[in-house]
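Sharing a structure here in structure tokens format.
To keep things simple, chains are lettered A, B, C, D, E and F as they appear, and every chain counts its residues starting from 1.
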Amino acid sequence: MLAMLQYSELVERALKEDIGTGDLSTMIIPANHLGEAKIYAKEHGILCGLSIAEMVFQKVDSRIRVESYVNDGDRISPGTLVMKVIGPLAGILQAERTAINFMQHLSGISSMTKRLVDIVSDLGVKIVDTRKTMPGMRSLQKYAVRVGGGHNHRFGLYDAVMLKDNHHAVVGGLDIAISRVKEVVGHMVKIEVECETLDQVQDALENGVDVIMLDNMSLEDMGVAVRVINNKAIIEASGGISEENIREVAETGVDILSVGKLTHSVMAVDFSMVVDEMKPSMQKHITFTEKI
Amino acid sequence: MLAMLQYSELVERALKEDIGTGDLSTMIIPANHLGEAKIYAKEHGILCGLSIAEMVFQKVDSRIRVESYVNDGDRISPGTLVMKVIGPLAGILQAERTAINFMQHLSGISSMTKRLVDIVSDLGVKIVDTRKTMPGMRSLQKYAVRVGGGHNHRFGLYDAVMLKDNHHAVVGGLDIAISRVKEVVGHMVKIEVECETLDQVQDALENGVDVIMLDNMSLEDMGVAVRVINNKAIIEASGGISEENIREVAETGVDILSVGKLTHSVMAVDFSMVVDEMKPSMQKHITFTEKI
Amino acid sequence: MLAMLQYSELVERALKEDIGTGDLSTMIIPANHLGEAKIYAKEHGILCGLSIAEMVFQKVDSRIRVESYVNDGDRISPGTLVMKVIGPLAGILQAERTAINFMQHLSGISSMTKRLVDIVSDLGVKIVDTRKTMPGMRSLQKYAVRVGGGHNHRFGLYDAVMLKDNHHAVVGGLDIAISRVKEVVGHMVKIEVECETLDQVQDALENGVDVIMLDNMSLEDMGVAVRVINNKAIIEASGGISEENIREVAETGVDILSVGKLTHSVMAVDFSMVVDEMKPSMQKHITFTEKI
Amino acid sequence: MLAMLQYSELVERALKEDIGTGDLSTMIIPANHLGEAKIYAKEHGILCGLSIAEMVFQKVDSRIRVESYVNDGDRISPGTLVMKVIGPLAGILQAERTAINFMQHLSGISSMTKRLVDIVSDLGVKIVDTRKTMPGMRSLQKYAVRVGGGHNHRFGLYDAVMLKDNHHAVVGGLDIAISRVKEVVGHMVKIEVECETLDQVQDALENGVDVIMLDNMSLEDMGVAVRVINNKAIIEASGGISEENIREVAETGVDILSVGKLTHSVMAVDFSMVVDEMKPSMQKHITFTEKI
Amino acid sequence: MLAMLQYSELVERALKEDIGTGDLSTMIIPANHLGEAKIYAKEHGILCGLSIAEMVFQKVDSRIRVESYVNDGDRISPGTLVMKVIGPLAGILQAERTAINFMQHLSGISSMTKRLVDIVSDLGVKIVDTRKTMPGMRSLQKYAVRVGGGHNHRFGLYDAVMLKDNHHAVVGGLDIAISRVKEVVGHMVKIEVECETLDQVQDALENGVDVIMLDNMSLEDMGVAVRVINNKAIIEASGGISEENIREVAETGVDILSVGKLTHSVMAVDFSMVVDEMKPSMQKHITFTEKI
Amino acid sequence: MLAMLQYSELVERALKEDIGTGDLSTMIIPANHLGEAKIYAKEHGILCGLSIAEMVFQKVDSRIRVESYVNDGDRISPGTLVMKVIGPLAGILQAERTAINFMQHLSGISSMTKRLVDIVSDLGVKIVDTRKTMPGMRSLQKYAVRVGGGHNHRFGLYDAVMLKDNHHAVVGGLDIAISRVKEVVGHMVKIEVECETLDQVQDALENGVDVIMLDNMSLEDMGVAVRVINNKAIIEASGGISEENIREVAETGVDILSVGKLTHSVMAVDFSMVVDEMKPSMQKHITFTEKI
């Protein structure tokens, strides 16, 4: 489900950023020194990033083998054994921080998403992300949102249309913006319009769009908008949605709740790695097809 | 102070991630439609990321001109006018989200750093970051820490030695680790050792290191360690430092406080951009030396 | 309308592919030898690629200046003066082939698109492209389709869903495929289903999709499908559409005609460049701000 | 014979262009769902691109295995089984279009080359390509020309000298151009001169060059030129050579025929892929050494 | 000890630089023609670059297997068998020059370093490199210095501070430079100051720095400086150190000798490769897991 | 004459290698502090690398302006003022080492080339380089050879054929190698054959090749070979050519002398940079169009 090709460069950049011209501290460990390390969760949450962490270890040394005991999407708590990492210890220690940096951030996203999803799970709404993401990490962050039970909004400016107040202002009105964009974009592109007032909702509806975003509206206005739109467009609520108010917003009857903080203000989930030097008896079970 | 060369690729990646094969929504705006947009802060904090935001706009269209009214490091509050962006509106709208994504994250770091720095400003300690950073963003995040009044720990595994419990375990002891690393690294490299007990502190001190890290020690043990070390090494306290306990830790007499959440759990500072279509009378003052 | 950022790398790759370690033939021309070259069309068609050609010249030498007399989308015929290129002649000659290679291919696409569009211009159908493109050139080819009056189908596997016979087979049926995909994709994603029979059309319609593709159907079946679908989904006809049969297909009442050969079997439009050495009197009007 | 290193980036770019942030349609197929797909030719021609297609599949998922039943250079016809592709079906479907996009274009080149080569096979002339290629694809296109029985002209501006009318004009004459270039280039570089008249042929001959190109000359003038040159230089005919006139041109006695349309106006050869879900009994014969 | 990740791109660039669009000469060797080649040293020296050479061969063809009989750091002399290279001969020949280009340069560095180290081995000084390196090769050159028994100075401008006469001049004095830099850099950064006079040495010492560089001082002044500094800072001597004068400089009592010519003026150590075509009886022992 | 496009990436890599995450030492210099620096030669030689050095400075800060007083190819001696560098001093100091690293190496090549060229200048032979180059620097090194009055051998495996003893051995003889390669390569490719004996020279001559290399032959055998070949092929002498023996070798009558040490064992030419802080009166003459 997680296409690896697109993350390969990101992982290599992250490793280069950390390892640079070489790890000075592991120069004290012989290259053929094998061992095993265990990564444990230290907080409650929803795990995300196993495949990325595994890729990190294998980019550093292709002989490192990873065994996972949980899957992306599983609940973790302090002490959960997340993975064993087996192979040359110098490489394992070089990869440790980068692997955990990915996991702690992605698990933070999945965990927050899951908390929001659970609050409104009986209401038939979808929790979605936004374009308020970390530069270079958007695709992976959106994967974490899906792992947490959320769904994805558009991935960028290129895969769907969103006409906002600034667009309306520049071309001279929401209706002009909609008619112009329909002329130019292809038949596979959905069009969403941001509305701040009920009048704009009415305009958008009459001009025919796929999705209407209610931007920072009061709960009362949202309720009116839901009745006016009456299933003739998908309805997205946006603006300041948090654990505190998400249920109220969902109860207005909107279809989609978009939450910027899912990706722009993430609380990392803590993990730690402990190395066990490998007993001699175990070393013989590890065979390598190439030397470094 | 902010060398731009190293951030150029990061900015281009962020823009490609968002714009991809082209912004569908601004296809409705003529290429020669000029205007002006203003970016305002919507929250209190310390501004960071002006030069990066300017670079974002100019990568999208080299004709876009940015005027700033504040500097990195300045206090901002809801309504502070951060910058004017003048030029072709299609390009300005294409760059908006990416520019703000950088600023909201970096300002989040500067703001948190500044809050911590202010709490202990009279105690002569330095607040520093860690390697718990966002993949691909480390150097920029560390810039934001400096802008907030903090200092930087090592940038990666390559520019300083940090011997942790895992290193001690693998080579057979903290003292062996220290003596081995002194043999191999050059004379420009500092050596720090992570200590979890007072015994380890004693060992590290006897073996001669530049920096001793007190890892998750009690306040009491930290106080003892400070007296034992007695200025023969720099002392860094690490582990779970937050706004609640930072003053207590600083009062133990340590030199350095390292705080992971400065970069791994950042609360974004909100900004928004409002477009003013340019009045015809203003258009004549803008001259372009090349067309797109 | 043509965002340049995304084409910059493609242009640089094309130039490196041609210039490599340096043009041996222009070593005979002094670096400060200025002149002017004119690019003429040698065939009838619709011009496309002016901005790309200009970028090619300026990547080779930023002092080269281009003056265009026509725009992308204009009709050209043998002898049409397309552009003047002014500056150091060595650079102009180095860029010539690469610039024309882009223009001849893109103009080939625009020209073929325009011929097809003209044949059915009174019927309200849209001509669209496919994913049968030249590796590395898709985005630019799709731009050329728009310049020729066509529209774009999805840009790749990532921006819309297309469920084909292979998908149906793997998951066990067209209906299962549709219901599964609706669960996972976000609300901004359109779903198209490829149908080879009228039964499949009926199934797709009942399961609710945005677009139904009639794949290699007979004209008769297409007519039936149009009546059955009855505006409840957008209808795309695909398979072997050419100048010979496009009008017949369009007259069945479908909305969209997708044509693979627009991008996979392009007849280049011929251009040629003629250098006029610059008269001394002209040389003084050219000023350079930097030397190579 | 086909060095893979140089094509690796091109294949990755093509895949990223198509897959981008991930294939939405194959999200409905479990990652461990194995199967087999067959690629068939749908038209007559000369096959080219097998190794590239195989690389495409393996870049998407290194566990995909390809079995070929034909080789580059073999004749294919509608129904020819070109290859079996065995492994995870999601990956196979993600790679399908990109793999075929390469094969259909390269086979188009090989097929056209072979048709031209066959027409003049008894005359001892060589069919060669030009620099009128698709940006980014030149090296692969030139491989396809060789597969079709043709030969390669220079690969770019860097590996041989070609002095054209524009060069003559800039430096003040064909003879000056030749003498200057002989001074600067190394002893491993061949020199070709483009001649439009018999006078220029005489000049070139007297100045001593390796190859003389007869550019758009009449058949009559070509015959004269062949006699004048009398094996003292290799003779290349160029300009408007097609299936209709190639035999006449070859019969003038020239050595080399260069044909731009071999690479600038290619008719794709059609292929299609059919997936067979793998029977359970077959699944056990597939073993994977790593998981995605 | 030699982290391969950071050298992968360098090796690929070197191969592309040499192989480009393909080796013309090995087109005469069938792809499945296996054999064995031996690389011999042709001069005395210290070997360096085995892993890089192996990587070169495997990047060209992953089926090539390398067997080494010596290690980096070993003494070699004319006729020493350095490695056997076994696999497809076309690939072996394509990689030969690039592999040897790395080894001959790196072994040149190790050999010169070792000669200098041996001259002063009883004096307790360290020989270190400088930033006077070959563009793109610094990290690998510094590895070769370590292999030869030397140590590394800073890797670049980013991992340590060096205040030179130009810095002193710009900010208004050596003391101002030191105090300013202490304010801004982190606690893991060492500070070195370049001194040309004994007065500057005194100033540096009073301002507290980690390392004092005696730049182009007379032997007499160096002796005085050593006594003045009296172990309160590490002492580095720099400027014109060669095999002729290194012992004299070392005997002054300095700690570190930095030598620019270790990396900027390297005499290559000669190697050559001889191909043995593989006897049929040997071919059966080579098994390949994939074809090219 | 020096196409800059191909060197842009090399210069950026060199700068990143040195500056990395930022120069720590110039953090003490305000960004708006302007000044002027002068680069002087410190040794005798032939200058090479001015344009590259200028590019280095401008990549660090596009506001830096360079004024040169000499040209590539000019003689320099200790004290020659090579260039003035004017602009922000922090950027000038950051670029200094990288700029000089290029110049000192390239000037080393030009200087050695010129010395050899001068020794044989009356004999009509050409001095050429080899493929024994520094990884990543080949094209620039070959430029330096031309600047020193030498010529270039082939640039890589892709632009000319060289059949060596290893090729002969693999395919079963020098004559088979020649006939096979003539079948496959195009008409623009020159063919050289390495000969170690006079018999091989005879064979090569009979099979018709463009260039015959006399590899490590005695002066006597070279003389014989020259008479045997008798202008029917270009003759290259190779193997151990140095300042000591070059005249003798040239006097045998060969056409080309190839010298590996021109690029594999280069003695750097020393340069140094001295900063003059700019007088206030000068600062007003510098205007910048953008801030960093």
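The rule we apply is simple: contacts are C-beta pairs under 8 Å (C-beta built on N, C-alpha and C of every residue); 3 or more make two chains touch, one makes a residue touch a chain.
Computed from a predicted structure; not experimentally measured.
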If a chain touches chain B and chain F alike, it appears here: C, E
Farthest-lying chain, centroid of Cα atoms versus that of chain D: B
Copies chain E and chain A - interface residue numbers shared by over half, same or different: different
More contacts between chains, A-B or B-C: A-B
From chain F, the most remote chain by mean C-alpha position: A
Centre distance in Å when chain C and chain F are each reduced to the mean of their C-alpha atoms: 42
Approximate Å spacing (C-alpha centroids) for the pair chain C, chain D: 21
Length of the line joining the C-alpha centres of chain B and chain E, rounded to whole Å: 33
Chain B residues counted as touching two or more neighbouring chains: 19-23, 27, 94, 138-139, 155, 158-160, 184-185, 189
In contact (per the touch rule at the top): chain pairs: A-B, A-C, A-D, A-E, B-C, B-E, B-F, C-D, C-F, D-E, D-F, E-F
Touching residues on chain E, where the partner in the complex is chain D: 12, 15-16, 19-23, 27, 31, 59-60, 94, 292
Chain B-touching residues of chain E, taken from the complex the two chains share: 126, 128, 146, 151-155, 158-160, 184-190, 192, 210-211, 234, 236, 255-256
Touching residues on chain F, where the partner in the complex is chain C: 1-6, 51, 138-139, 142, 155
Contact footprint of chain A on chain B as seen in their complex: 10-11, 13-14, 17-29, 33, 35, 37, 89, 93-94, 96-98, 100-102, 104-105, 108, 131-139, 155-164, 166-167, 169-171, 177, 180-181, 184-185, 189, 260-261, 264-268, 273-275, 277
